[in-house]
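The next part holds the structures, each set out as structure tokens.
Note that chain A is present in both complexes that follow, paired respectively with chain B and with chain C.
After this line comes the complex of A and B, so read on.
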């Protein structure tokens, strides 16, 4: 009986502490394109991400222009030709953690997040797996997924086709803090 | 006649090689084009944090057209400062208005970032990349 009570307190305790909104303005997202010709990497440290742990909903927004490349020319091509960031300044992801209960109860640390990824005005349904670390005052999501460039109407000119991968690897690290108004 | 032809072929060869070298040089130069040097470039807009955030809040589309990729200089109080994995980020507020600018500092400014703390009043110049909950600047430097 005592064990059950303890378990009950533990679980409800977790739920209470988790029934809040968490957010970060300084999340990290990078993408990496690997081909035999060259590797291209771009990093963004200004990712906005909000999690509502009462519903499992997640909303992530990034500014395309905040992606920093090693080469200025690549950054210019990325913004002007590939993602047209003047016309589509943001990419967004809105989704829901499918196995929220397991995550909150600590039975699983891999969250399965299904949702809509919008890049360059085109929305695709994607499922992303994310390692989830819940600590007292922070919730960290960490993982990778692949994005097929052609899915989002990003046209790569023939001359650089060998330099840019057809699918790029997106890495994210989002360290959320409690959201205070 | 044969000698003349030979001479002609020789000269054309030299010119071709020269042309190729110049083309290669230009391509390499273009490929390695440097990033905008915020340090040595004058700000396109020197503006208060309140005003720039308000412009984005009122009409993001117009503000995007006006400020994206432009060099912005703002002055404010540090309300948050982080330095993780060599990436310094400073959040600036003015007069506790709740309107804030988030500046991703350029790596060469890290030494200065380390010496700063919350509450310090600083002036920052960086490239505007848009608006989320704050106005975002990248490649930012500390002016004073």
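After this line comes the complex of A and C, so read on.
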């Protein structure tokens, strides 16, 4: 009997936690570089993201080659010269919602997510603020943060230094659905 | 009490498992896509001859190519700089796979037009394919008045046709290789000994030095050369430098011309005897057509700042 109880608890425990995972593979991330010479924008709508609401943990994976630019040559240079996407195909973020309780109780809609951002093999600890919208069957995270290009070993040659901003603005919109395996 | 302990136990077992899982779940959900190899070569030319690269859709490239005289001419000719051949061209990507170009060479006042089509693309991922294959066709028309007035050739007699199959593979991030079987037809030949149809095989490679520079080299072997001229096979070596929308190619070659019918079949200088021409190709790309942003967010989604819920 005790064994069955244990089994039951284990199974329900797994079941409940499975229900608390929310997932998307069509998340949207864009970045924007503004200088007086040129504005550069790239968008990616194949971002993978998963949230576990039982722990407040989040993991995000961005495939670098999925960024679409207005100019084809920029896209080639981005992949070839700046982020070297053959060597570093993805950027990742893993973090935890610091104020999970407030968010779940509806006291706050701004989640403070602290975690590790990895681009080009370099990891930095960042805190990102994200608007959080919890609806029946979806959880949406959206917000903006700045990334300093030089922090991630992305070198900008002198000749185009006026065309590319030192920090770029990253915008995200991740609309998660319940994760079903 | 025991049940509470068991409950705590089950929770403590479940949580660490989940914590590890998230990244693994994402890893397993990454879609399996076909990824086409990019930048096998940087420019649309390896050196003199075409590479499998095209300009992407909507990009117009202005290409200025220069070949000076022979370095072996010495100081009197300022090591070849006194003399030069130039080709000016506008080349355009109609689609991502089809590129066209129009050029004009000072050598024999020749106009040329070409079309290049990417037939097969090297890829990895879901669909793997080991090589890239492009087809190239060009027509050149010589307009130099090198004939006696009573012997004026017809329009067609001044035409030359080139057909090439470009077969390339990017072996690694820093090494690419291309084979170029070539067929050149001339409507009019100088003497009856000269073949109308000439077959040649080109080989070219790119060795990447760093993110923006590579060493390229290229060789064309002609199987049935012209008889009326003392012609040589073409060997070239060059340095590619890429900056933003420009590509500079610095060239050393025994050919002083820049279109296929000329450099493959009419080169008379011998590289290894020091008859080397210095030259360069400079290209500037203009984006005539901007890539339309594929991803459309609704206005509401774009204004996420104002979206409250």
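The rule is simple: the second predicted complex is superposed on the first by the 162 of 181 C-alpha atoms of A that agree within 3 Å, B and C clash if a C-alpha of one lies under 4 Å from a C-alpha of the other, contacts with A are read in each partner's own complex, and residues count from 1 in each chain.
In this text, a contact is a pair of C-beta atoms (placed from the backbone, for glycine too) under 8 Å apart; a residue touches a chain by one contact, two chains touch by 3 or more.
What you see is a predicted model; the values in this text were computed from it and never measured.
Peer 1: Give one word, clash or fit, describing how chain B and chain C relate on chain A after superposing.
Peer 2: clash
Peer 1: Kindly classify A:127 by the partners it touches after superposition: chain B alone (first), chain C alone (second), both, or neither?
Peer 2: The answer is neither, since A:127 touches no partner chain.
Peer 1: Quick one: classify A:63 as touching chain B (first), chain C (second), both or neither.
Peer 2: It touches chain B and chain C both.
Peer 1: When the two structures are laid over each other on chain A, which of chain B and chain C touches more residues of chain A?
Peer 2: Partner with more touched residues of chain A: C.
Peer 1: Is A:138 in contact with chain B, with chain C, with both, or with neither (first, second, both, neither)?
Peer 2: Touch status of A:138: no partner.
Peer 1: One more residue to check, A:177. First (chain B), second (chain C), both or neither?
Peer 2: A:177: touches no partner chain.
Peer 1: Between chain B (first) and chain C (second), which does A:54 come into contact with in this model arrangement: first, second, both, or neither?
Peer 2: second
Peer 1: Of the two partner chains, chain B (first) and chain C (second), which one does A:148 touch, if any: first, second, both, or neither?
Peer 2: neither
Peer 1: Based on the superposition described at the top, state which of 6-14, 24-32 or 132-140 belonging to chain C clashes with chain B.
Peer 2: Comparing the options 6-14, 24-32 or 132-140, the clashing one for chain C against chain B is 24-32.
Peer 1: Looking at chain A, which of its residues have contacts with both chain B and chain C?
Peer 2: 25, 45-46, 48, 61, 63, 65, 68, 71-73, 75-76, 86
Peer 1: Under the touch definition given earlier, write down the residues of chain B that touch chain A in their complex.
Peer 2: These residues of chain B touch chain A: 30-36, 64, 68-69, 82, 87, 89, 91, 102, 104, 129-134, 136, 138-139.
Peer 1: With touch defined as at the start, can you tell me which chain C residues reach chain A in the complex?
Peer 2: Against chain A, the touching part of chain C is residues 2-3, 6-7, 9-11, 13-15, 18-19, 22-23, 25-27, 29-31, 35, 38-39, 56-59, 96, 173, 211-212, 243-245, 285, 287, 290-291, 293-295, 297, 301, 304, 307-309.
Peer 1: Any idea which chain A residues touch chain C in the complex?
Peer 2: Counting only chain A, the residues touching chain C are 2, 5-6, 9-10, 13-14, 17, 21, 23, 25, 28, 41, 43-46, 48-50, 52, 54-55, 57-61, 63, 65, 68-73, 75-77, 79-81, 86-87, 92, 94, 109, 131, 133, 135, 142-143, 157, 159-160, 163, 171, 173, 179.
Peer 1: How about chain A: which of its residues touch chain B in the complex?
Peer 2: 25-26, 45-46, 48, 61, 63, 65-66, 68, 71-73, 75-76, 85-86, 89-90
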